[in-house]
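Two complexes, one shared chain (chain A), two partners (chain B, chain C).
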Partner chain A sequence: MIIVGELINASRKAIGAAIEAGDAEYIKQVAKEQDEAGTTYIDANAGIFVGEEAKYMKWLVELIQSVSDKPIALDSPDPKVIEEGLALCKATPMLNSISLEKDRWDKLLPVVAGNTDLKVVALCMSDDGMPTSCDDRLKIADKLVSGLTGKGVSIDNIYVDPLVQPLGTDHTFGVEFVNAVKAIADKFPGVHFMCGLSNISYGLPARKFINRIFMAQCISAGLDGAIMNPLDKGMMATIAAAEALAGKDKSSIRYLKAYRKGIVEA
Partner chain B sequence: MIIVGELINASRKAIGAAIEAGDAEYIKQVAKEQDEAGTTYIDANAGIFVGEEAKYMKWLVELIQSVSDKPIALDSPDPKVIEEGLALCKATPMLNSISLEKDRWDKLLPVVAGNTDLKVVALCMSDDGMPTSCDDRLKIADKLVSGLTGKGVSIDNIYVDPLVQPLGTDHTFGVEFVNAVKAIADKFPGVHFMCGLSNISYGLPARKFINRIFMAQCISAGLDGAIMNPLDKGMMATIAAAEALAGKDKSSIRYLKAYRKGIVEA
Partner chain C sequence: MAIKDVYQAVLDFEEDSIAGLIEKELAAGTNVDQLLQEGLISAMDAVGKSFSEGELFVPEMLMAAQTMKAGLEVLKPKLGAGGASSAGVIVIGTVKGDLHDIGKNLVGMMLEGGGFEVFDLGVDVEPKTFVDAVKQHNAKIVGLSALLTTTMPAMEETVGALKEAGLNVKVMIGGAPVTQAYADKIGASGYSEDAPSAVELARNLAK
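On to the complex of A and B.
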C-alpha cells in the first residue's frame, strides 16, 4: 500500500496554528511520527494561507526533510506553489492533485509535462461536477490518463483518485466507487490509485469503523494507495490484513510484522 | 445476509456434553440466543454420535423448534439423518450439505430431488480433493449447479459453498476464494452462497480480526450467506457495514439499527 500521511495540512487546526506561530518543532514531530508509523509519502498543505501558500509550502518541505527521508506529496492546486516546492524536494515527490477541471488542468499540466519522474494524483473531477457512478468515474479517468500519458507521463506515475462520495447521500455510492476501482485497474494496467476514503462515512455513526470496512473492500478491488492518518493503528492493521487476503503479502510477512508491532487487536 | 447460526454442533465441547447429558435447557438457551442475535437459520449437528446421529438430530430439531421459529439447517452427510430431521421440520429447512464426492452426491441427491422447497448447500468438494484456485471452484460449482437444477432444484434454492482454505498455507488462498465468489455469482445469476469463513485465518494470529476483514471482502464480491456465530458482535457489525457499503442497505437502515443495538464499536 502506498500511504500518503495526511496530517501536515493547514486546514487541521493544530497545524494551521503551528504554521502561523512558526512552531517548527511541532511540524517536525508530526513528520517524524508519520515516518515511523510507516507512511510512504508525507503530505504538505498550506492551502489556507492565501497569498502566502508558496512561502509556507517551502517552509514545510524543508522542515519535513530535516527529519525524514520520505518523499513529499505537494498538496496544492496552484502551479506556482507546486513549482517552488518541487525545487526543494530531495526525493521524487507526488503532486496532489491535477483534475479535469479546465482551469486546474491547464495550469498544472505544464508542470507535470516537464517532469518525467513526478508522481501525479489525477482526481476524477471535471467542470461537469463530481462523478457518482462507476461509469462517470471511468469516463473522467479515461480522459485524465490519456491526457497525461499524451504529455509523456508514464502510466506508472499516475495515481487515479476516483473520488469517494458519502454513503449517507446514496446507498449506491460505496459499491459504485468499488466498481470504479476495479474498472479503472482493469482498463489501465499499471496505473495506481490514491484517495481519501473517509468521506464515505460522512453523516453516519462509527465513522472509523465504516472507513476500515470500506478500505478492506477497496483493497480487494485493486486500490493500492490512500491518503490517510498513518497513526490510525486500526486502519493500518486493516490494510495489513486486507492486503494479505488480497494475495499481496507472501507468507503474510507484513501482516505478521504488523501483529508483532502490536497494531492488530486480537 | 443469510446467516446460519453454527453453535448447536456436537463437535463443540459444551454441546456434545449437553447432548450426552440430555441437557435440553442448554440446547434451548443456545437456540434462543442465536435467534435473538438475528440468525436466519439455526444449524443442528449431531455428527459425532455414530449410530445415534438420527436420534439426536431429531431431539435437537424438536428442542430448537420449541423456542424458535427460525428454520433449521440439517447438518449431516447421512441421508437417513437428513430424512428423519426433515420429517420434523416446521419451516423449510436447509440441507448442509451435498458435495460432488460420489458417495455423498449419490446418497443425498434422491432426498433433494424429491423436495422442491428444500434449500441445499452445495459444497465445492469432489473426489479429486479440495479446490484451491478460482477455476477449480468454478468447475465444481458448474457440475453441482447443473446436477441439482437437472433434478428440478431451482437456482434460488442452491447455496454454493466455494470452500475456504487457509491463507497461512498459500498467500493466494484469500484472493482465489473471493474471485470464485465473483465468478460463480456472475455465471449463475440468482444462486446463493453459504460457507464458513473462519478457516481462512487458521494458523495466523488475531484470527477474529482476519475473519472480519475477509467477510467484508467476500460480501463486496457477492457473498450473501455464511455459517457463523451470530453472537459475535464484531462480525455482525462488520456484516452490517459491509452490506451497506455494497449497496444492499437502502438508507443504511440495517447498519443504523445495528449501531443502535450497540453492536458497532465506535
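On to the complex of A and C.
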C-alpha cells in the first residue's frame, strides 16, 4: 500500500495554528511521527492561507525534509503552489493533483510533461462536475490517463483518484466507487490509485468503522494507495489484513510484521 | 387526524403518504398557512435541531427534506391563493471555479424546509449570474458555497459584484474552508457551519 500521510494539512486546526505561529518544532514532530508509522509519502498542504499558500508550502517542505527522507506529496489545487514547492524537493515528489478541469490541466500539464520522473495524482473531476457513477469515473480516468501518457508520463507514475463521494447523500456512492476502482485497474494495467477514503462516511456516525470496511472493499477491488492518517492503528491493521486477503502479501509477511509491531489487535 | 399527523409524517420520513395526509387536511378545511407552518416547517425545524445535536444524520435529514418537499408540492398551488407568503426569496450557488455541490444542496433543501423560496443556480456560478438572478427573482438573500481555498476569493468577487450592481441583498457564505473571520473580511452578512444553522441565519437576515 502506498500511503500518503495526511496530517500536515493547514485545514487541520493544530497545523493551521502551528503554521500561523511559525511553530517549526510541531511540524517537524508530526512529520517524524508519520515517518516512523510507516508512511510512504508525507503530504504538505498550506491551503487555507489564501495568497500566501506558496510561501507556507515552501516552509513546510523544508521542515519536513529536515527530519525525514520520505518523499513529499505537494498538495494544492493551485499549480503555481505545486511548482514552487517542487523546486525544493530532494526526493521525487508526488503532485496532488491534476484534474480534467481545464485551468488546472492546462497549467499543471507542462510541469508534469517536463519531468517524467514525477508522480502525479490524477483526480477524476472535470468542468462538467463531479463523477457519481462507475461510468462517469471511467470516462474521466480514460481522458486523464491517455492525456498524461500522451505527454510522456509513464503509467507507473500516474495515481488515479476516482473521487469518493459521501454514502450518506446517495446509497449507491460506495458501490459505484468500488466498481470504478475495479474498472480502472482492469482497463489501465500498471496504473496506481490515490484517494482520501474518509469522505465516504461524511454525515454518518462512527465514521472510522465505515472507513475501515470501505478501505478493505477498495483494496480487494485493486486500490493500492490512500491519503490517510498513518498513526491510525485500526486503519493500518485493516490495510495489512485486507492486502493479505487480496493476495498481495506473500506468506502474509507484512501482516505478521504489523502484528508484531502491535498494530493488529483482535 | 390533525396537523400533528403531517408534522409526524415528516419526522417519520413518510414520503409516500404525506401528500394524502395533506389532501385530507385540506378537504377538512384546515388552514393552508397553518398546515405549512405547524405541519411542515415546524417538523423541519425539529429535524434540523436533532441534526445539529448529533441525533439525526445526513441521510435522515435528506429523507425528511424530501418528505417535506412532497408535502409542499400539494400545498404550493393553494399558498398563492391563500395569501400566505414564503419566508423569503434566496438565491444560492457554488461560486465560480468550484464544482462541489453536496453541501450547497443540503443547505438548499433545509432552506426550502424552512419555508424559503430557493433558486439554486448550481455550481461554478459566475458573479454576474448571481447578480442577474437576484434581480430576476427579487431575492433578498444570496447564499454562496465554496469547498476549496482556491475558490474562496470568488466569494469576495461575487460580494463585490452584488454591491457594485447596487443591490440591497444580504450575502451568507459557507463551505468547509470558510470561516466567520472570512465572512467578516469580505463583507458578507454572515457565515454558518451547517445546513440547519444556515436556516437560522437566513431567518435573522430576512428580518
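FYI, the second predicted complex is superposed on the first by the 266 of 266 C-alpha atoms of A that agree within 3 Å, B and C clash if a C-alpha of one lies under 4 Å from a C-alpha of the other, contacts with A are read in each partner's own complex, and residues count from 1 in each chain.
In this text, a residue touches a chain if its C-beta (ideal position, glycine included) is under 8 Å from a C-beta of that chain, and two chains touch if they have at least 3 such contacts.
Source: prediction; values computed, not measured.
For the three-chain model obtained by superposing on chain A, do chain B and chain C clash or fit?
fit
Should A:A122 be classified as contacting the first partner (chain B), the second (chain C), both, or neither?
neither
Is A:Y202 touching anything from chain B or chain C once the two structures are fitted on A? First, second, both or neither.
After superposing on A, A:Y202 lies in contact with chain C but is clear of chain B.
Counting only touches as set out at the top, which of chain B and chain C does A:A221 meet: first, second, both, neither?
First partner only.
In this superposed model, does chain C or chain B come into contact with more residues of chain A?
The partner making contact with more of chain A's residues is B.
On the A-aligned overlay, A:I213 touches which partner chain: chain B = first, chain C = second, or both, or neither?
So A:I213 only meets chain B here.
Looking at the overlay, what does A:D249 touch: chain B (first), chain C (second), both, or neither?
first
Contact-wise, after the overlay, does A:V50 reach chain B, chain C, both or neither (first, second, both, neither)?
Second partner only, chain C.
With the two complexes superposed on chain A, say which partner A:V264 touches: chain B (first), chain C (second), both, or neither.
Touch status of A:V264: first partner only.
A:A237 in the overlay: touching chain B, chain C, both, or neither? Say first, second, both or neither.
Touch status of A:A237: first partner only.
Which holds for A:G168: it touches chain B only (first), chain C only (second), both, or neither?
Touch status of A:G168: both partners.
Rounded to whole Å, what minimum CA distance do you find between chain B and chain C in the overlaid structures?
After superposing on chain A, chain B and chain C come no closer than 6 Å at C-alpha.
Shared contact residues on chain A for chain B and chain C?
168, 171, 204-205
Can you list the residues on chain C that touch chain A in the complex?
Residue list for chain C touching chain A: 54, 57-59, 62, 97, 99-102, 105-106, 123-124, 148-150, 152-153, 176-177.
Quick check on the complex: what are the chain B residues that touch chain A?
167-168, 171-172, 174-176, 178, 200, 204-206, 208-210, 213-214, 216-217, 219-221, 237-238, 241-242, 244-247, 249-252, 255-256, 259, 264-266
Write out the stretch or stretches of chain A touching chain C in their complex.
Going through chain A, the ones touching chain C are 11, 47-50, 53, 76-78, 101, 103, 125, 127, 129-130, 165-166, 168-169, 171, 202-205.
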